[in-house]
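Okay, so chain A shows up in both of these, paired with chain B first and chain C after.
What follows is the complex of A and B.
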């Protein structure tokens, strides 16, 4: 990432600061990093931004001992493929981990960190990295569901996470929000009708 | 109903620690004597990829988890620090983007040595009280700088806390009043373009720290018509473990009342994050109805004092985020060589 231009970095800010991916409303698949077209639905693609929860498990990993320039002071560091709870597979560095304890399937949580070394004069780059899920984690992250009122922000409490998957919790919470929005819209339409009738 | 209060708060302390004795070993000093003299065991050290911005973001995300409000309601973001990563570009804009705040916000970075965080809180209180913004986010965070071998090196640590300030009915604590005491006292400074701060050694005590903290606290007592006995907890800026204990005694606070806020013993002096983190640690254990006195201190010099009253919703709200104690317990010790790499006093490229 250290060789990115400033405009390229700026374009990715929304996605890499907050793990905002894409949801194809046609087939329900979630993508990260964002792609321009759903490979399953092609021209029927109906994309919307989707806030990922930032929780996942290590799918595979490697330890980098001979890093590229800009990453020298971090070596040896862990680079892993993280399977997010919502489905996408993300390439990311794993921080604050004891290499002896690293294992496939380890639960991880997103953190906000500096990427690479910008020297004394360059622009600083920030993005997601992952760390082993600490025991004290209370839940993450403020997920969003797009409704007619705008984006509704939701929380995934860790207690619920233990009982059922984040995905199911989110879907349930999402449908609650959608139901409320539908009810509200219906109410407004009825009010309008009443107003017209009274006129 | 109080006009303004805390809707959510969150702290963050990096995972790495170095013992005072390990630093003393490198410089040929008596570690045990220094540790006892400063009342410091160890201090936190930022990770290789952590800085004031990342600490601010983690603290702000914890505050949002605690408050469970829509981040689009935030109208102002102020970050106080003396280790902002840029000389001109603000830290607050990165925080805003990282917590999904709207673009229609007031934003600026504050600096006033170690009291930049509480200065940010005061501005947010004013903006909320005057209905200029709905919710203000005030952050105090630092990756404190110190010259290798200097007395400051034993204490200069990393950490921060964030406070969402608003006027919602379910606020977890209210601000009764605030009082500041400021004077031109050059006890600690860092000139533009230099890497490390300088200080006036023993001059940082009586005319600087003690005078300002005491005067701010006494001024607040007078303003609020209170006395030390009215407060259940005291939070004082902690440049080391000795100063806050001594000032608390002078003002009439016993050791038990300041115990929760004295994270300095095991975390060090987090500069602009010090009194905000002390307040966060106290809120983690306080009961509804408790009163807290918070007094910050920033070299140069000034102190902000706050009268905080804990409300009913705190018991429910604070469970939603990690406690300050959780971060204190989650630690990995590093030696001085690793510490030098973490603080970038060893240049790799």
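What follows is the complex of A and C.
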């Protein structure tokens, strides 16, 4: 069903474009989709936005042969519950996958894709889908790394991955970016000092 | 407590009525609702003037026939004005929940004689539109908009369940094979023919691993009950069957918000409440009607109701543990799979079947010596579960 009005899509853009969930600061639980209340803490809920890494494993899957309107062109397509590394389950389509290789436990990563067709309202929708990682993936590893500097999105060409595990590759990439950021910050501070000195 | 005051606090079902289930191109929703209601009045000997409350269960008339306000429509077309009429919607569990509301209305003393009628007219729109409408029972925003269909959500349950417990596709076919075998003897059933496991496994795939014959059909139909206060049963002709417990529980609307998807928490919770209330165990149930909208839902439900150990539901059904001639027959009516599933009427038809069985008037499909029956009606992907336990005395 693709008959969504613009406001229905617009109010979810932050969450569905970038996989932004919620963190309850009271109990530490992370949620996706961004529910309005932490069921564990209820009125003590203290939510803040939380950027999910987009990495996870297939928890359960199905191949849809009888698609709903708005998805006719895609069928048969794969729909799965993905257990994100941070804990939440997310329902998503799985793309760029060989259906024979599908299995529970398969590592997947988030990608940004168009969802369904424009339907009667003519509104195109974009959101998350997931694709296999790492053995089957063809492109880049895309992930988000959280650090003191905030969240950074990383793309690592597959050829750089070599024999290392995905996690290690990302960690290495993450520390590279952090080092770069620290250097940049240091340089900025030095520049500022120089500016002051020159004044 | 004296016997009289005890009876006053009980609720009896004194009448049942239903239409045949199936595609009824020539009949409107007004017509099928009235047919079931009229049959129900005739069965109970109650006149329209005796009824002081009406509960109408319905799932999605706004989408199926672009008509809301079924409560007023039923009161109107039944000639019952100005009766208090209430519509109850809980997706596929609408019927069971409506029975519970009728039960509570009578038990509270606010109403004396209540009619509960469920109806659904699904065949007026295209199959694609029906499928979209059924998806409204789950999470439209975070499931439907991603490309999920209602069968696909149950397929996700099935996939995980089979992975965890090693259930085979043959076992997954068993509830459907059993349902069709039972429906042969049910004059109200949509499919009165047998199928075998091979037929299920050959049928087209809907959402892996669920095939067409693992899924309940699209049906039109209505079913009705008359409930009355226990101390008044002698005033009417109907053979009373008693509602001993009516319990209900909820779970998350979406599958992804649940800690595990190989069980229905709401079923366990509602069943536990009902057993505790009556101080009985699952072993005390003689017959059951269980929501088998998809084969996997019956397999998980027989476990969560406590009828069989967790993970053994598929093999138990395949081995005949819930066949008509077993200790605890399940879905002697043919279930949703073969009797038909006019969504809003389903929960009420389940109770009507149990009433016939407990009265001993079920004809060819009668199970001998049954005293206590349980009906489980599910809404969405198990987001609502309602358990009704009926008793012969």
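The rule is short, and it goes like this: the second predicted complex is superposed on the first by the 129 of 199 C-alpha atoms of A that agree within 3 Å, B and C clash if a C-alpha of one lies under 4 Å from a C-alpha of the other, contacts with A are read in each partner's own complex, and residues count from 1 in each chain.
Convention: a residue touches a chain if its C-beta (ideal position, glycine included) is under 8 Å from a C-beta of that chain, and two chains touch if they have at least 3 such contacts.
The shown structure was predicted, so the numbers you read here are calculated from the model rather than taken from an experiment.
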item	value
First, second, both or neither for A:196, with chain B first and chain C second	neither
Which of chain B and chain C A:14 touches, first, second, both or neither	first
Which of chain B and chain C A:124 touches, first, second, both or neither	first
Chain B versus chain C as contact partner of A:115, first or second or both or neither	both
Touching partner for A:74 - first (chain B), second (chain C), both, neither	both
Which superposed partner A:43 touches (first chain B, second chain C, both, neither)	neither
Doubly contacted chain A residues - partners chain C and chain B	69-70, 74, 115
In the complex with chain A, residue positions of chain B that touch it	15, 47-51, 53-54, 57-58, 61, 64-65, 68, 70-72, 85-86, 94, 97-98, 100, 319-323, 326, 330, 332, 341, 344, 348-349
Chain A contact footprint on chain C (complex, rising order)	128-129, 131-132, 135, 140-149, 151-152, 155-160, 163, 204-210, 254-258, 261
Chain C contact footprint on chain A (complex, rising order)	1-2, 4, 8, 12, 33, 35, 59-71, 74, 77, 79-81, 88-93, 104, 115-116, 125, 127
Residues of chain A touching chain B in the complex	13-14, 17-18, 69-70, 72-74, 95-96, 111-115, 117, 119, 124, 126, 129, 134, 136-142, 144, 150-153, 155, 157
